[in-house]
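The first chain written gets the first letter, and so on, giving A, B, C, D and E; residue counts start at 1 in each chain.
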Amino acid sequence: MEKFNLENISLVIGILVILIGLWGLLTQKNLIKIIIGFALFDTGIHIVMVSIGYIKNGTAPILDNAVDINNAANAVVDPVPQALVLTAIVIGLGITALMLTYVLKMYQKRKSLEINNYNDLKW
Amino acid sequence: MNDIKTKFDITDIIEQRENLSFITIPKEHAISLVTYLRDVKGFKHLVLLTAADWLEDEEFQLTYLLNNPDEKSDLGVRVFISREDATMETAHHLWEQVATYQRELKEMFGIDFPGSPDVDKPFILEGWDDKPPYRRDFDTKQYSEDTYFPRPGRESNDPAEYMKKKLYPDEK
Amino acid sequence: MEFKNIGYALLTIFIVLNYGLILQGVVRKIGARVGRRYGIRWYQPYIDIIKNYAKRSTITHGVMFYIAPVFRLTGGIGLLLFMPVIFGSDIFGNFSFAGDLVLVLYFQFFGILGMALGAAESGHPYSAIGVSRGLSQVTSFELPLTLGVIAIAMQYQTLNITEIVAAQQGGFMNWTIITNPFAAIAMLIAFLGAMGRSPFDVVLAPQEIPIGPPTEFQSGLLGVLQLNRAIFPAAKLILFMNLLFGGATNWAELILKTFLIYMWPVFVGTVFPRFRVDQSVRWFLTVPLIIGIIAIILI
Amino acid sequence: MKEDFKKRTVISPEGKPIEIDPLKDYFSDAKPKVYKPAHPIIEKFANWARANSLWVLGFGTGCGAIEMRPLMTPRFDAYRYGIQWRPTPRQASVFVVSGYLSVKTLKRVVRTYEQMQNPKFVIALGSCTINGGMYWDSYNTINRLDHYMPVDVYIAGCMPRPESLLAGFDKLKTIITEGRGEGANTYAEKFDWYKANQKKVIKDWDMPDYNW
Amino acid sequence: MVGPIYIIAVALGTAFSLGFFKKANVKFSFAFMLLAMTFMTFISGQWLYAFLTQQQETIQIFTAGFKPPFSISLQMGFYEAVFLSIINIVGLLSAIYMYDKLKEKGVQMMMVFVLLFMGLNVVVMTRDIFNLFVFLEIASIATAGLIILDKSANAISAGFKYIIATAIISGILLIGIIAVYYYAESLYINDIINSNLSFIKGGAVAVFLILIAIVLELKPFPANGWALDVYEAAHPGIGTIVSAASASAVIFVLTKILPIVGESGYYIIGIIGIITFLGSNLLGLKQNTTNRLLGYSSIGQIGLLLTIIGLTPYLGDKTLFIAFGVLISHALAKAGLFWLSGIINSKNIKGWAAIRRNPHLLVLMGTFIFALVGFPPFPSFFAKWELIMQLANNDKIIWLALILIGSFIEGVYLFRWFGYAIKGENQDLPEFKIQWNKIIPVIIFALGLYAIGYYYSTLTGSAASLNYIPLLFILFLYAIDFLPVYIKNTISIAGIGYYLYTIYPGLEEFNLIFALIFLAGGILTLLAGYTYKGKRQGFYPLVMMMFAGLLGLIEANTTLEFFFAWEIMTIGSYFLIIRGKKSMTHALSYMLFSVGGAYLILAGFGLAHIGQSSYSLDILANVQGYAPIIFTLLAVGFMTKTASIGLHIWLPGAHAEAESDVSPMVSAILLKAGVFGLIVLMLRMGAQSFGSFDIYYALAWIGAITAIMGNMMAAFQEDAKRLLAYSSVGFLGYALFGLALMSHLGWLAAVSLSVIHFMFKTLLFLAIGGVVMRVKTKEMYKMGGLIKKMPFTFISVLMGIIVISGVPPLTGFGGKWILYNAVLDKGWFLPAGAIFFAGIIAFLYCFRLIHTIFLGQLKDEHREVKEAPFWMLLPQYIILGVIMIFSAFPNSLLKPIGEVIMPYFSDGALEWQGQLAVSNFGYWNGELIMYIVGGIFVIVFAWLWFMNRNAQKVKQFNIGYSAERPSLPETTHFAYNFFAPYKKALGFLVSPIISDFWEAVSEGIHAIADKIRRIYDGNAQTYVLHIIAFIVIFYLIAFGGSYGI
């Protein structure tokens, strides 16, 4: 039963979301759907990040009275991944926004959201 | 043969042999007849194109001698053209070699074939400036005597008489 | 080198010239007799040369044309003089001290090249065609010849013609043709080409391109060429005699040997018809070449 | 005149137009010279050589060419008299004109004759060269060769047999040894007369007066 | 000292404050941005200066006052300073370059631009992997933002592909980072290094993910389609930044990461690198689109860098030198080329012919291209040299070979492109105008390449003695290029003459002989230069470059000097050759054979250097192992210059199409460089064999076959100069044969033939050049009868061909005679037979040459042709005089050469008695022969003259022509296909098997390249798939079966 603890479940879910995202990214022909695939991929990564930083039964990493200062490292959930996730989410947002900007521009040029219509450059 | 007769305005037909005949046709129809003979009747080969000068009739006679290699028969097409206006349609588009015959005729008889290639170029005579030499009103003996320094003292003898006189001077 | 050498050289040239002319006449006579004709008089070549010199007018196409016969004759005389004609004779050793076999082989081309240039300047297309054929043929028979020469040079360990002749003294069993037959055969076949007789006479090809390179030469110019035609083959004969048949110790021996050597191309020539150039090139580069290679391998 | 001999303008590599007159630029227009015989003794010797070394240039114009061939065969074997065939006029000394000459041929014959070197001899073969023979009244065949070039020996006949030819050559030899074979000099001396005759019959004269 | 943290501060501050500017103030805001960029550059430059001059310590900067891992830490060390300087300079100049575009797009774009460089700066400096991730993302987002600068649909879709791909890569990186954190519990790189993650089961995977993500950022082949599209479609300024700045930054990141991975990571990097290098360059072959071609080249160069980094364990402390040399050359050159492409504005490389309108631009382009391919004096040359030396030293032969092959392929397409630029014929060339803001950055980088190249050469220990004086002279000539020809010509001659005068006392042995050939020959051929009028732009620097190279060969004492000189010579001759008409393809094939040959030489020197500390050429004398291979490599390398059979196909075209006075330089002089190389090689290495197979015997056969084939092909040419060119091929066959004999006489023959070949080939090329100059055609059959118009030229050609054909009495015979004796001495009879066969074939082309040009019928057009110009004739007659002296007194030539050879081969030397030479076999007296032949000739001539003094001169149509006469000179001149029967008999020998072979090789490689590049189908999804597949495959390679990289 050890395996079905919270961190493992979230880890598996995170990886599943990554894979679903990749699947969407690779198979969908619609640009918007591709971006959605990417968003899923990104979110999956965030879930994985958080789940890796989780320490079983740890509390929120706030150094107040609830936590023994001397034992803080073992008692609280590692704060760093959470900080990282925040940054990563911001960056992911930025990227997603930029992608959407690109799609907008592309649609303005060609009036099409089909990725196969943008294959002019090759070889 | 009947076929030709019905189709063309044939003026005269002479059947010399089984496989050789001559037909005469007016100048205007000659080339179409020859074309017809070549393309339809199988006279694929032009044996010769020649002329004769009928000075008395004021006419040149052109003969296109055609050969049908399949039937092994020959057919001469005769055309009479006037000496005054000695021109004839060219036939070089039918057989390339006709151009050469026509050059020769132009040089020797003065018959013109407008449109024939090189027809005005000298053929065998270089720089000929007299009447065309094959015309019968051209006096070749006179020309020769005037031009070629005849050796004086040339007499001719009947060889039989001469030898008889020489070998048997006594006999009369 | 002393000045008397020049005198000796003139003597050699004189003898060889006469010999060459007579040889030419006699060979043509023999050819005629083979054809059941009476043939020319044996001294006919002399008359021809005199006749040509006695021509009163000459034309020239230019400087090269004019000096081409000079090149040609210089080539012929030089070839002769760079060889020892009579073995062991001071008088007829000539200028062989100036150079060895390689010099002799390469000096052949002096005349050929000069003649080719003069003929070309005449502007006559047949001359040029003749030269083209001639050079093509020369290149092809030169290969077996070279192989043969290398084989002989290795056999005697020298390029000095006198020493090669010296090594062959003492009976015909010492002649190269016996001691080194493959090299000798290769060279003798090449010799056929060098003599330019049928089947390798397409260079002059009288019925085809009048007479090839000398088409435009006449009068005195032709006379010089005729002199060369007497000396040059004789010189070549002497070369082959020296290399393959033990040289000669006196004039009688020389005349006998060279005459017999000459009979070889004459014999072949009367029997075989003419090769085209490409045929002769191919032929020289097959059979004689293989023989030459065998000669080299057998050293 | 052939197109190629008319004046033309070409462009030089520098792009300058050049006027070409082929007849002037490509042919020497020097007149023939009279060559005086040398000292009699030398000349006598030279004549002997000339007589015994007859290099023949055969100009086969008509049926006559057929009769020349047998001379080379074993049966007649002209070689033994010092008669040899030469393929180029430059080297030949005897010009054998064998048969009738049309005007067109005459032009070539004249040209060839002029290309031979002095002294040169002409043997005219057959009646046609003498008086036109069977072509005496032809509009296109000359009658007398000696009006166009000096002829040393005429051999009559239509055609003459090889034996007559040999006789003719023998006659020529005699003429040469006696020093009478000066046809080339005669030609040069009476050059204008010969040229006038030639030009009278050769209407399109498109070569220099003397073909070196 | 301004702290590095201010770089970030300034950049951020600028970016934010730019937002306050209105559109109207766009010029001002640009100035503001430029100021910021300058300041960033200043800071990095200042640190670099500090590190270089005052032993500055590396400093760590900790943000927020904590020590790592609790804070983000930046590091400023020497290497950081270097990379920051490069990146910021590129940034600054890019900004200047992109002034128009940035102005058009307004302040937003400038913000993005500044942010991009801030990102890159931090990426370099940071020691925190998450921070690294963040700023990498900032950089790539900014890049994607900049790509939109170009409004075209292609640019936008390329940008989309770019962002998708980088997003995926950054996802991978993020996973890696978090996993690393999980195992190492720190984000501080130094901590991570200490935790030895590679030995932990999961840690290795984590590290692998980071590594592969960073590598993917470097666009490894084949997972790089997205980057190629960006290169192709985006504004060239972006291409510059991506290729030069971003790539440099990421490379630096890679070096930061690698210690985490540990030793074994190098292996993977190396493999990825070499695959990228080879693959990308291979695909580059089929490219016609300028920017995409540059993209392939960029990726290829990065692949090379990866390879070098991957090979660090073997390269040791030289890695830095090598990697930096490659990197800086790549960054500057690629930036320069991208910028140039923005100026020229031609999508297709064929359109680059337009660049010719401004020769200075051409010089710039040449600088960049040669720097990329690794020619001296650029840093990449020294880097490549060092790389090969170290690889060889560590026995990494396969790596060595692969790197050289890759470089060669890169050279192919770069030089093809360059060829189009110099010589391409194209009707509608794009117009372009040069703006100052666009050209200045390019010039700065070009100068930077030279400067760094010089600096680099001082770093190479053995290169300290490289002779830069000739190069300065070249620079001087370039500076005075505006002067008329005669002044420059005089200066050049004086320069060479003076140099020869100064070095003459120090020369000895072979160096003296070849110095005379090279320099005296140079002076002679330059004399002909007076013929030309006008300025002859660019000619003299190039000529001097070739001679500088040749000179360097002679002066070289070390392998590096030798190779340096060899490459300089190649550059000079390449340009000389490409100056000719229709010379594009010939110059390309010349360059390719030269580069290929140079790489073989490089490899050979590398192998020779194994186990040696010195770089002296004498190391060849005692190589440690691989001796026959070294010998073969070097010999084949040199034989590309002597144009031996199989390697000759570049020669005929190159020599034939060159200018009249260039042909003798490249044919008579340049080819001797190969002979000189062979002599240097053979003297030092001596006899070599593979087992019982004697290499020299093979060389002899190669020489013999070269001689036959060269001569035979010469005989079948219609083009006079091509004929002479093939004749050179043949003649150098003799020289090779002579050298291969390895005996006194063989070498005497080879060296004297080289000298003679130099003389007569100069003579003939000048003479024929003069004719071609007059008649304006090279087809021989279009000439004829020119003897009457150009008698002096005729005489020199006549003498020339008599010498070639080796007919006595002229000096050519001497060579033949010695060769005969040498062969008999040695006993190699069959190749000897072939050599002499070749000698006879020489008659064919000799006669053809003189007949078809000078004899026969004069053509209509040439009736008013004049004799060749005096300055063409003068050198010919000087040579002619020397030839006559050597002919009459052969020992004046042969004796000195013999004495030079004596110390090396003393057996079988000639014995001289006056002018009589005596060998073991025969004897030869040149003087006497001259007298005899001369005497006979005079006597016969006098006789003929006496008999026929009054010959009638006739004109050209007075010929006995079967009673007819010719009508046109064209139809009477028998010249075309002169040896038709010979061709019929032996033509099959000269069927173009060898060119067909090379063509098939080239076709095949191109076809493969074309097939492979189809994987880039232009679809973003495919590219993502490539990335994923790449990760999976390298995961399998790295963890194949077991954990732990």
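Operating definition for what follows: a residue touches a chain if its C-beta (ideal position, glycine included) is under 8 Å from a C-beta of that chain, and two chains touch if they have at least 3 such contacts.
Here the structure is a predicted model, which means the values were calculated and not measured.
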item: Separation of chain C from chain A in steps, with touching chains one step apart; value: 2
item: Shortest walk length in steps over touching chains, chain A through to chain B; value: 3
item: Chain pair, A-E or C-E, that carries the greater number of C-beta contacts; value: C-E
item: Most distant chain from chain A, judged by the mean position of its C-alpha atoms; value: D
item: Closest chain to global C-alpha mean, per-chain Cα centroids; value: E
item: From chain E, the most remote chain by mean C-alpha position; value: B
item: Mean-CA-position distance for chain E and chain B (Å); value: 79
item: Rounded Å distance between chain B and chain D, as computed from the means of their C-alpha atoms; value: 36
item: Between chain B and chain C, centroid-to-centroid distance (C-alpha), Å; value: 61
item: Averaged-CA centre spacing for the pair chain E and chain D, given as whole angstrom; value: 70
item: Where chain D touches two or more other chains at once, by residue number; value: 33, 88, 90, 212
item: Chain C, residues touching no fewer than two other chains; value: 57-59, 210, 215-216, 219
item: Every chain pair meeting the contact rule; value: A-E, B-D, C-D, C-E, D-E
item: In the complex, chain E residues that touch chain C; value: 785, 787-788, 791, 798, 801-802, 805-808, 813, 816-817, 820-821, 823-824, 827, 829-830, 832-833, 836-837, 840-841, 843-844, 846-847, 850-851, 855-857, 920-925, 928-929, 932-933, 936-937, 940-941, 943-944, 947-948, 950-954, 956-961, 972-975, 978-982, 984-986
item: Touch list for chain E against partner chain A, complex; value: 130, 134, 137, 141, 144-145, 148, 153-154, 156-160, 163-164, 167-168, 170-171, 174-175, 177-179, 181-182, 187, 225, 228-229, 232-233, 286, 1013-1014, 1016-1021, 1024-1025, 1028
item: Chain D to chain C touching residues, read off their complex; value: 33, 35, 45-46, 49-50, 52-53, 55, 73-74, 77, 79-80, 82, 84, 87-88, 90-91, 93, 117-119, 184, 212
item: Residues of chain C touching chain D in the complex; value: 32, 35-41, 44, 47-48, 50-51, 54-59, 206-207, 210-211, 214-219, 222
item: Chain D residues within the chain E interface of the complex; value: 2, 4-5, 8, 10-14, 16, 18, 20, 22, 25-28, 30, 33, 59, 88-90, 108-109, 111-112, 115, 207, 211-212
